[in-house]
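Chain lettering (A, B, C, D, E and F) follows the sequence in which the chains are written, and residue indices restart at 1 in each chain.
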Amino acid sequence: MQLHLSTWAEIEQYLARSRTIVIPIGSNEQHGPTGLLGTDWLCPQIIAGEAEKQADILVAPTFNIGMAQHHLGFAGTISLRPSTFIAAIGDWVRSLAGHGFEKLLFLNGHGGNVASIDAAFSELYAEASFARRRAGFALKLCNWWDLPGVGELARDQFPTGHGSHATPSEIAITQWAFPDARKHADYAPRIAPSGPIREALDFRARYPDGRIGSDPGLATPEKGAALVRLAAQSLVRELEAYSREPMPD
Amino acid sequence: MQLHLSTWAEIEQYLARSRTIVIPIGSNEQHGPTGLLGTDWLCPQIIAGEAEKQADILVAPTFNIGMAQHHLGFAGTISLRPSTFIAAIGDWVRSLAGHGFEKLLFLNGHGGNVASIDAAFSELYAEASFARRRAGFALKLCNWWDLPGVGELARDQFPTGHGSHATPSEIAITQWAFPDARKHADYAPRIAPSGPIREALDFRARYPDGRIGSDPGLATPEKGAALVRLAAQSLVRELEAYSREPMPD
Amino acid sequence: MQLHLSTWAEIEQYLARSRTIVIPIGSNEQHGPTGLLGTDWLCPQIIAGEAEKQADILVAPTFNIGMAQHHLGFAGTISLRPSTFIAAIGDWVRSLAGHGFEKLLFLNGHGGNVASIDAAFSELYAEASFARRRAGFALKLCNWWDLPGVGELARDQFPTGHGSHATPSEIAITQWAFPDARKHADYAPRIAPSGPIREALDFRARYPDGRIGSDPGLATPEKGAALVRLAAQSLVRELEAYSREPMPD
Amino acid sequence: MQLHLSTWAEIEQYLARSRTIVIPIGSNEQHGPTGLLGTDWLCPQIIAGEAEKQADILVAPTFNIGMAQHHLGFAGTISLRPSTFIAAIGDWVRSLAGHGFEKLLFLNGHGGNVASIDAAFSELYAEASFARRRAGFALKLCNWWDLPGVGELARDQFPTGHGSHATPSEIAITQWAFPDARKHADYAPRIAPSGPIREALDFRARYPDGRIGSDPGLATPEKGAALVRLAAQSLVRELEAYSREPMPD
Amino acid sequence: MQLHLSTWAEIEQYLARSRTIVIPIGSNEQHGPTGLLGTDWLCPQIIAGEAEKQADILVAPTFNIGMAQHHLGFAGTISLRPSTFIAAIGDWVRSLAGHGFEKLLFLNGHGGNVASIDAAFSELYAEASFARRRAGFALKLCNWWDLPGVGELARDQFPTGHGSHATPSEIAITQWAFPDARKHADYAPRIAPSGPIREALDFRARYPDGRIGSDPGLATPEKGAALVRLAAQSLVRELEAYSREPMPD
Amino acid sequence: MQLHLSTWAEIEQYLARSRTIVIPIGSNEQHGPTGLLGTDWLCPQIIAGEAEKQADILVAPTFNIGMAQHHLGFAGTISLRPSTFIAAIGDWVRSLAGHGFEKLLFLNGHGGNVASIDAAFSELYAEASFARRRAGFALKLCNWWDLPGVGELARDQFPTGHGSHATPSEIAITQWAFPDARKHADYAPRIAPSGPIREALDFRARYPDGRIGSDPGLATPEKGAALVRLAAQSLVRELEAYSREPMPD
C-alpha cells in the first residue's frame, strides 16, 4: 500500500490494523560515470515498492534528498546540511507519530545519511527524554544492503569491485527498474580508489569520476532483479518482526 | 530530461546549453474522501514529466513534502513547519545554484506552500542583499493552475464545484496518471463549505471530510488529460521565456 | 485605546470586555525620492490611531521593522530576514495569546511582509497542529489598502500612476499625518518601471530611484485625509466582525 | 534628524558627513499600577527625540519590544525571548552597517535588556572574529539613566523610593511627554519590595503590583522635564565623543 | 562531592538530602604572556574543588568553553558564539532540573561570559513564562571574585596593576594549583592598557600581548592559596544560604 | 603538551612545528551501579594525558558533555541534544582551524556520540562544500577502544561480560586513574541484558541498573593500566600518521 496513492480514510483503516510504516530515504547525488543521480533514493523506493505488492505494508513517500555535501562538486547533486536534514526528519516523524504510527522504519539507500539519521532519531527521542516522558514511537534505520541475506548476495555477485560508492549492486537495481536509463561510459581505472571522505572539493580531487572502490560495469539488470527480489522479501520479514516487538511500559 | 535518471556528466553537458531547471514541489496531505494523499506533489510531477517529453528541459526530483500543518488532523498528512521548509528549500537552491543553475522555477501544486516558498526565496536573496552582492540566480514560483490558459480550462470544465481544496481539476489529473488508484466514496454536501484556514483541529471541525468548496466527483480522467496537455505546453513556453530573461548587472 | 499608553490593570479590564487586538505592522525602507523611510509602518499606525479614537478597540505598539531585504541597496532601509521576522512575530503572538487575546489582527502596511507574516502564522498554528491540540487564538492579516472601500477610493484618486511601491496613496497618508516632513524632489520618468523583485542589487538596477510603477507626485495631504478617514472606519467594522466570529470546538 | 521621517537620499547625504546613529531600544511591559506599558521604549525615544532637535544626529526607529519574559504574568507585556532578540538586533545592525554606519549607539530604556543586547553584540562581533577579519563597525550600549549626570539628578530628585522597576524617574519622563496619559491608583506598600528576578509567575508572586523597590507616586512631569533636558544634552555629547573615537587598524 | 566521580545511585542519595548543585563555568582563552589558556575555567574548578572538601556540596563537571570571541586573535583560544553558549547552558540546566535539582549556582571565572549566561537564564525562564507556568528551578550566576570578601582580599593583595584581564589574582590561583605550569616572560608596559572590547582583531590591536590593565607579574602562589581558601569558604556559605532560600508558590 | 596549561605564545610556537591537535571528547552519564558518571570523558582524557607525556603532541581541553539523551532517566546524567552538540563542536573546530590547526582528531569515549560527531563534521565540511571551496582542515573521529590493539587487549582481558555500556574496560581505566573513587555495589544479573536504545524512560525500563551487556565487576586497576599504556602508544602513532597524511589540492 502506497501512502501517496491512498486517501486519508484508507490510512485511518490501515492504522486500525497496523501501526507500522516504512519510509524509503536516500539521496540525490552523483554516482560515477554511469550511475543515475537518483540511485540512492530510487533503490529503497524500488525495494519497498516490490515489498508492498507482496504484503499488507504501508510505504510512505520517498525522502529523496539527503546528506550528500561531499558530492556537491559534481553537477546534479542536491544536498541538505545535517541540521536541515535533522529538522526535516523531525517533522516527518512528528507528523506520522501524531497519526498513531508507532513503528517507523527508514529504509535507507545512502551510507552518507546514516549518521545524520541517527542524530535525527536522538533529537526526536530527546524531546521525550528531557521531559522524562515516553516517546510513544520507535524509530529504526535499515540500510537496504543490510537486510538479511542481501549483503551476502551482493558479495557473491561481485566478489571484487563492489566498493562503497557507485557500487555495481545499486546500479544493477536501477538498471532493472529503469532499463531505458541504462548508461554506458568508459572509465579508468577499472576499480576506483578508496580513502577518506571530507568536503566536496577534497572528494573530487580524490575520486575524479565520482566512484569509490567500485567497478560499476559489473552491474546487470538480472543481478539487480535478484537483489530486489531478496531485499523485498527480507524487508517484509523485518517489518513483521518490528511490528511484533513489544514496547516496555 | 529527468535529473534523477541522468548522470552527473549529462547534467554538466546540459549546463553548457541551459542554466534553467524546473523543480516540481507540492505537499502530501489529505484530499477529501476520494483524493490521493499525494495529489499536490503528483500533479506538478506529472505536468513536468509530460513537458520534458516535448522539449529539452531539465526536471529536478520532486520536493514532495510541503507546508500542510492545517491538514495534520487527517491521517496520512505529512508536513514541514515553515521554518523547516524554508531551510530545506534553501539547501536545494544553494546546491543547484552552486552547479551553475541561474533560473530556477518551482512548479507548485499546493496553495498552502505559496507563502513559505516566497519567504524561502526572500531568505535566500537576503544572503546576497545583506552582503550587498548579487545573488547569481533568479527564483520563480509558478502554481500549475496559474500556467497560461490552465485556469481558464479548469473554469470551463468545472463551472461550479471547483473550490479550493480537493478540487476536481487536481483529482482529474491524478485519475489520468494513476487510473488504478481512482477512488470512489459517498460524501455530502455535494459542494463542501468554505472559510478560513487555521490550525489542524479547527480545520477538521470546519471541513469534516477534508474538502474546501469543492465537488471532486466532477473529475474524470479525460478532463485530467486535457489539463495536463495544456499545462505541459504552457510550462515549456514559460521556461523558454524565463531562460531568455536578462539579468541586470 | 493604545496599549503602550495604558497600565497593565487597564489591559486586564479591557480583556474582560474584549479578546481582540490590532497590531500595526510595516517596514522601514526606502520609498523613492520623496517618500519617508517609515511610510510602511507609519500608515497602519496612523489608521489604527484614528480608529481607536472612534471605537473601543485596543492598538498594540507598532511592529516597525519587517521583511525588506530587496530595499537594502538604498540607505536607511532596515530589514529582518524572513526567519527572524517569523521568530519575532511568534514571540509577539505568544505573549499576547498568553494574556487571553483570541483574535489578533495584523494591520499591514508593506506588501513585502505578506508572505513572511503568513508563514509566521502557519509556524504558530503548527505548534498546535503537531500536538493535535487547539491553538486558542485566531490570526488575521489585513493590508490597509485591502480594507473595504479603500482600494476603490485609491483607484478613484489615482487612476494612473498608483503603482506598487512608493505609491501616491501611502505617501498622501504620511503627508497628512506629518505635514512638516513633506518632501519634494525631481524624478523621471514620471511613472516608474515595473518588474520582478529579487535581491537588493538587482532591485536597485531595475528601479534606480526606488519607485515601482508609481508617480508619488500625485499625492496630496487632502487625499491622505480621505484615505485615513475611510480606512479607520473600515478597520473598526472589520474588528467588530472578527470579534463576533465564533471559533469551532 | 529622524530616520523614519527622511528619504533614502537624505540618509545618503547624512552618511557623507557622519557615520553615527542612535537607536532607541526598550521594552513593552507592565510598570506597576500607574506606569505605562510603553515606558521603557518611550523614555529613550523621548530623550533621543529631544536630542535631535538640538544637534545634527540621526535617530533610528525605536526598537520597542525587548526581553521582558519576567513581566509576562501581567497583561499587556510583550516580550521576545533572548534568542529572538539577538537575531533581530543582528539584522538591524547588519542592515545599518551595510549602509556604512560605523558607530551604532543603542540608547536603552530597560535593565532587563542589557544582557541580551550585550550577547547580541558578541554574536555580531563573533562573525568577524571567527573569520579573523575586522567587523567594520562599533556597537555601544548606553542606558539613558547612565548618561553623565542623569543618575545623579535622579538620586537628587528621589532620595528614597527610586527602586529598580516602575521608578519615579521613568514615570516622570512619560508624564512630561504624555500628560494626557497620566494615571492614578492606590497602592501599598508605599515602597515596593526587592528581590531576585526569575520566571514570570515567580515575579508576580514576589511583586504583586509589578513594582520593584519603587514609589512611582513621587513622579511629576516637572521632574521628568528636567531629566529629559539633561539626558538629551548628555546624549549629544556622548555621540560626539563616540563619533570622534578612532578605530585601530 | 564531585559529580563525575560519583555513581548515579550516589547522586540519587544526594538529591534526597539537597537540591543544590554548583557548576564551575569559565572559558579557554589567552591570558597574556604568562597566564594559562585554561585560567578562567581552572579557577572556579579549583575553588569548587576546595569547597567540596569542606562541606557536603555537589560539584558538576566544569563547563570549560565559554564566550571568548574577542580573544580569537590569539592562538589556543576556543570560543562558543553566544547563541551556541545559550543552547548548551540550556541543555545542561534541563538535564539537571529534570533530575530534581532546584538551586543551580554557576560559579563563573570569565567576565566575558556574564551577559551570555544571563541571557541563557532568561531563555530558560522564558519557556515557563510564555507557558505561564512555574520553572521549578532557580538559577544564580556568581563570579568567583564577587564571592564575599574575595574582591577585598584581591584589592589588598594587588592595590595597583590588578586590571581586568590576565589579572594577578587569577594567575596566582593557577600558580598555586599548577606549580609546574608557572610561566615566565618579559612584557611591557608593566601595566597593560585598558579600553573597549569588540571583535578579535580590534582586541589584538588594542592589547598586543593580551592583557587588559593588569600586571600579572605580581602574582605568587602564596597569594593564590589565600584567595582559594577564602573563596572556598565563601562559596560554601553562599550555597547554604541559596539552599535555604524559599521559592514562592 | 596540554593546551589549557600553556600560554598563547607557546601554542603559537607549537603551530610552527605541527598543525595537529587531539581533542578528548566524551559524555557525563550513568555507568551502572559502580561506574563513575564521568567515565566517558575521563577515559579519553586519561589516555591523551598519558600520550602527551611520551610525545610532542597537543591535547585540547576535554569536551565533557556529549549526546546522552537515553541516559537522562538516571540521576547525574547531563546531555546535549544532537543539534546543540553539532553547534558546539562547530564552534570548537572553527576556533581551532582559525589558529591554523589542520588535522583535528577527536578521541572519543562514548558510543552514543559517534553519529552526532559525524554529523557535526559534515555540517562543518558543508560550509566549504556549498561554497565550492576547500575546508582547510581535516576532521577525524577515533574511539579510544578502536585504537590499534586496544580492542584485542580488551577482548583478551574480558572474554565474556564486556558488553557495550558500563564495560569493565572503561571502568578499569577509571579505577587505575582514580583509585580513591573505586565503587562497590551488588548487582544482578551478573551480565546485564542487551537491546535497542531509544528514549530515556524506555532505556531505564530495559536496563534497570544502567548496564548494557556488561559485568563491570571484572574490572581491575591493573587491567586499566595495561589498557591506558597501550592506548596512549597507539594514539601517538595515529597522530603521527595523521600528521603526515597529505591533503589533495
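Just so it is clear, a contact is a pair of C-beta atoms (placed from the backbone, for glycine too) under 8 Å apart; a residue touches a chain by one contact, two chains touch by 3 or more.
Per UniProt, the chains are A, B, C, D, E, F = Creatinine amidohydrolase.
In this text the structure is predicted, and so the values were computed from the model without any measurement.
Student: Applying the touch definition from the top, give me the chains sitting in contact with each of subunit A and subunit E.
Tutor: Where subunit A and subunit E share a partner, that partner set is C, F.
Student: Working from the CA atoms, figure out how many degrees subunit B turns to land on subunit D, in steps of 5.
Tutor: Angle of the fitting rotation, subunit B to subunit D: 120 degrees.
Student: If every chain is reduced to the average of its C-alpha atoms, which one ends up farthest from subunit C?
Tutor: Looking at centroid distances, F is the chain farthest away.
Student: Measuring between mean CA coordinates, which chain is farthest from subunit D?
Tutor: When every chain centre is compared against subunit D, the largest gap points to A.
Student: With chain centres defined as C-alpha means, what is the inter-centre distance between subunit D and subunit F in Å?
Tutor: One centre to the other, that is 47 Å.
Student: So how far apart, in whole Å, are subunit A and subunit D when each is placed at the average of its C-alpha atoms?
Tutor: Using C-alpha averages as centres, the distance is 54 Å.
Student: How many angstrom lie between the CA centroids of subunit C and subunit D, rounded to a whole number?
Tutor: Centre separation, subunit C to subunit D: 25 Å.
Student: Could you say which residues in subunit A touch two or more other chains, in rising order?
Tutor: Residue numbers touching two or more other chains: 72, 79, 81, 83, 91, 95, 98, 130, 132.
Student: By the touch definition up top, name every chain pair that qualifies.
Tutor: Every pair of chains meeting the touch criterion: A-B, A-C, A-E, A-F, B-C, B-D, B-F, C-D, C-E, D-E, D-F, E-F.
Student: Over in the complex, which subunit A residues touch subunit E? Could you list them?
Tutor: Residues 130-132.
Student: Please give the residue numbers of subunit E that touch subunit A in the complex, ascending.
Tutor: Touch residues, subunit E against subunit A: 91, 94-95, 98.
Student: Spell out the part of subunit D that touches subunit C in their complex, as residue ranges.
Tutor: These residues of subunit D touch subunit C: 3-12, 15, 28, 30-38, 41-42, 60-65, 72, 74-81, 83-84, 87-88, 90-92, 95-96, 98-100, 178, 181, 183, 185, 210.
Student: Tell me, which parts of subunit C touch subunit B in their complex?
Tutor: Going through subunit C, the ones touching subunit B are 67, 69-70, 72-73, 79, 81-83, 86, 112, 114-116, 118-120, 122-123, 125-126, 128-130, 132-135, 138-140, 196, 198-202, 205-206, 247-249.
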